[in-house]
């Protein structure tokens, strides 16, 4: 965008040579079922600001899936917005949030949390997850009023590097939080992928019971935009719409969010789409592994991090879009491949075939 | 929404008995052309965060319409979001914004501006507009470091009560601001309606030259969501995407906003839709006036405020949706009727006919 | 101060020609008893941050005077600091504070309250005070989540224009607040003067019961600096020292504040000093009145606002320091005269004599 | 303080058994010369808010000592206040400050910086200092608008652990900052001790040229309270008094700060006092070292960190006040001893003698 000369990220849109982009799970528009639902309902007049019939219906259905008729559900446009509203609505001015160093709020939200006045207490985490001992180390350090008071634990499922929380891990963390007067908030921008991952043993209702607030990501799982914030902790429910409005998150046409979550949840499209993304990632993983390559982390969700020779990475990038995640050594790097509801099996096969050909050439 | 027991506003969605709602200009989905464009482009992979081909193309076309190839253009989801980001990006911590007491930022944004740290200096305004003398009175009062320093003037076109700025008025205000080191920011949530109003003599390129920042509202003129922030002042352009990201306004699928503004501006749909809304409002006005009723304010934009007997208002509300704006005397009140791109001529005719019948019954 | 070329207020310190300044009640250092106490205790080592023996003793004695052994008491350096910490510690992000338009927080604190994120809902008040109906008008206007939620009522005693709350007025306001889930906060920067004013019928223990938080001003009543925040509402007490520290208000040598309040309250110096200031103001008032002049407002506290001919004001200003408060008509203006613990009877007599002489000359 | 049941730090004031507290450098009141100056000037009427004759004179003299007649100088009450005002006055909302992990702003200010909206980018530092490579690592990581933009580097001299910056180190850091469009801010709460340390080779005028803003601590060097903020960067000077006022830092009786800095600088009391504190620390160090003990860090400023057997620490604490800084192994810990202008040679000698006796007993 010639628009902003100050920005640093690559701005050119996808070059035509690129056959398919594995850069992220938001390169396409919406799942076709969502567009259909929007067409069908388009001219029905509705109340604004989230009080339309579609939002109300979506909330009803989602409560059923959550097995929680007391949960408050609010739809917002994006993940950073969800994070900053939830966190600032819960914390008092001197309270802080604990997060992994790789946490989205700590790295990739341009200081959105601090902009609402709150410190993030960072814990180094190799796998992107937080365990009770991590949280405990922060608590032990913060002993008086000359320091912030840690009050909220922020985790992501799946994490920034594709790992997921097993049921036992979440139970332990939840228990630790309850015992220490901490609240637990789960960023579910990629929750669909986490809950449908092969190694997952956690159900949505179980998750809802173990955390105080979380959100279910629509944007990265087939919606045009939209995250559903679920509040199960009663205290955190109070006056939440005031927070939404103040932060600019109450859309006049809230129907746009309601229709999408209605479509995602009334027939399990949310889970089907996520599972498809995971299956495509698994297929990619298996193919890459069978060619003898290793991975930065073990992931069964829709983000995988194969380690490839730099020469091959260069060649692949002519045909496929993806990010180089980090340098491993002088000759190899880890790349990130992300799949989505829209990734086709033939694209995956083609990628593996191309990698195979390149690998043979190099040998 | 059973979701939030604390809220006070009427929550029921439109009852089936209501034939048509004149409550606002965001009761429907989107103009059909917009949905079509979304369908057509849906599976084309694009860069995220506003760097997609559609956003870039929309910006290009809009710059042409603005006759300003140097304007920076950013798309955001809604009006409160646009207001809080623009204002907080421009002001230093001790600087304030001047607004009419009826201004949206002063009344209907849940303190969103103050939440970013800035005071609003309020001027009482009968017609919702600000004149140089209004601004001057604020400047004269603020003389030293024990008070905030007014720096930005916020106006709306059309205003909250449907009035619009004539070219001469905006020129005078712009000149006054420049002479007093003030920046001028125009909230254009209903700018389409203002620029296509019968009494309007201001063009979009002229407006762009007279203000430092403004936004063009999509939500209230046929888009699903979206406001286009236009920055012509060079200093205000700097690092604007950082502000967008920090406030949660950078949508992953920025294409959703780009496609809509592209559709609104590539063939003047924006102006056609707004003009239609105004024509429907005029027709309503004329019909109501011909029945002998008066109006709270003179408006040629898409919001009108007829004064009707309370009995008739009650009867009308069984069939039409609208807000009772204010009490006039014991027997009459002003109501607000809002038209949009989606308002049909037959609905307008039917409203006038019903009003005529009710008026005769009462006599 | 050549230091800051941007500032607008008159910067020159008092010219030698001026015999005495009635500009304010903080032109001198401290009451001699305070300096003595500082000398005596100077080399006794103490804990820092308000945990010294003097602060603890001061708190003990003040609780006795307040007849409230449950009150939390914290000492801070100044009034703006007290206001911003109390208000931001009590309110949730979307909650607002109601104040008179002349209120110090609304006019003379450079947006300090808004800088902590909160809107001030302003009510026009002729005498600087708030009555239940004023607060009610704000409540009636704020009906849903599109607006801020008023939660705290801010009043001053004495007010910016020298008026004071009678017991009945404060009781009614307190009752109204309790009935409407509002908290009541009293800015007592000049509380000493209010409670020792001739027309006052309110005691310190009564006041403490009627409000949720208030502060007792030391700076304007003989201290070098210091305001004592008194919190009687249990909820508002929680973790208050975290707020103090975060806003930079926890002084390392908190003893400086403790010693002063100990000196002010252990032998009623606080009340004696305030009464003296009021007596000097009364004497001034009577003298001025006896010369036939009127006043802008009736005040029995230490600020009076006589209306004098502009010629006489000019002449007086050669010998006495004071502010011209406002223009009354083309020939007369109101000036503000402030007395303090340090104002001497002979200075007051001399001022009246000079005014008498000038009045005769002009006739 | 029975006042705040929530706080965790030890609250009892110094027990009578304790002969002398080495806990910190703010256990006493003020240097006697300061109290004298306050007595002498006490009844001279002065302008408020830092525009008194003493503040103006102090600024004039300090500019001479700084050899910078263009420096802006402002006095505030404390260090956290200075830090939060300086940092928030310089940064735009999305900009961040880089600090060592041990930095006061990162650990001991209850999130005061984040409360003004800004992220602290933390670098691990063994000696409490920042080198160009530390800053560079932060810059390299922050590449686009999805992350904060680092803009200010915060350092302390002396640091939290008593180390100081040599001239060459500060020159290199300053140069790196200038080359990378970063501003450099030095927290000088203990600057006196740093500049008079044995190993110091940096002068006050040199320091003033190498940084953009810094402050000179009075509180920890003989003043009752007060830090002098020195701004040499022109851009950072603008409207600074507005920031001071908004954050509650403009004292009505600014004379209190002016008189103290006037006293500290008109005859070099500032440097003499600091040198005395350092000499007492050196004497302590030498004595402890001669008994065969080691230190956690090498320090020539007024904080030293000897490593002692736990048994001896227990015994010492009956007679002397100090903090146990950290555990070294099962049998030994590092303690912190802080000296000040008020520490007497005989106290130091007595401490060493007591330590010697205890050491012999244990052997």
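A few comments on the model shown:
Letters A, B, C and D name the chains as they come in the text, with residue numbers starting at 1 for each one.
As a working rule, a contact is a pair of C-beta atoms (placed from the backbone, for glycine too) under 8 Å apart; a residue touches a chain by one contact, two chains touch by 3 or more.
Bear in mind that the values here come from a model prediction, so they are computed numbers and not experimental data.
Greatest centre-to-centre distance from chain A is found for C, with centres as Cα means. For the self-contact between chain A and chain D, the two sides draw on mostly identical residue numbers; the shared fraction is above half.
Computed from the mean C-alpha positions, the centre of chain A lies at a distance of 52 Å from the centre of chain C. Separation between the centroids of chain B and chain C, computed from CA atoms only, is 43 Å. Chain B has its Cα centroid 33 Å from the Cα centroid of chain A. Counting partner chains per residue, chain B shows two or more touched chains at residues 7, 9, 93-94, 109-111, 115-117, 145-146, 148, 239, 241-242, 245-246, 250. Put simply, chain D touches chain C in their complex at residues 1, 3-4, 6-7, 9, 11-14, 20-21, 24, 26-30, 32, 35, 38-39, 41-48, 50-53, 55-56, 59, 72-74, 77-85, 109-112, 115, 219-220, 224-225, 237-242, 245-253, 255-256, 321, 342.
Across the complex, chain A meets chain C through its residues 49, 88-89, 92-94, 116-117, 145-146, 148-149, 239, 241-246, 250.
Chain C contributes residues 7-9, 93-94, 96, 107-111, 114-120, 122, 143-148 to its touches with chain B in the complex.
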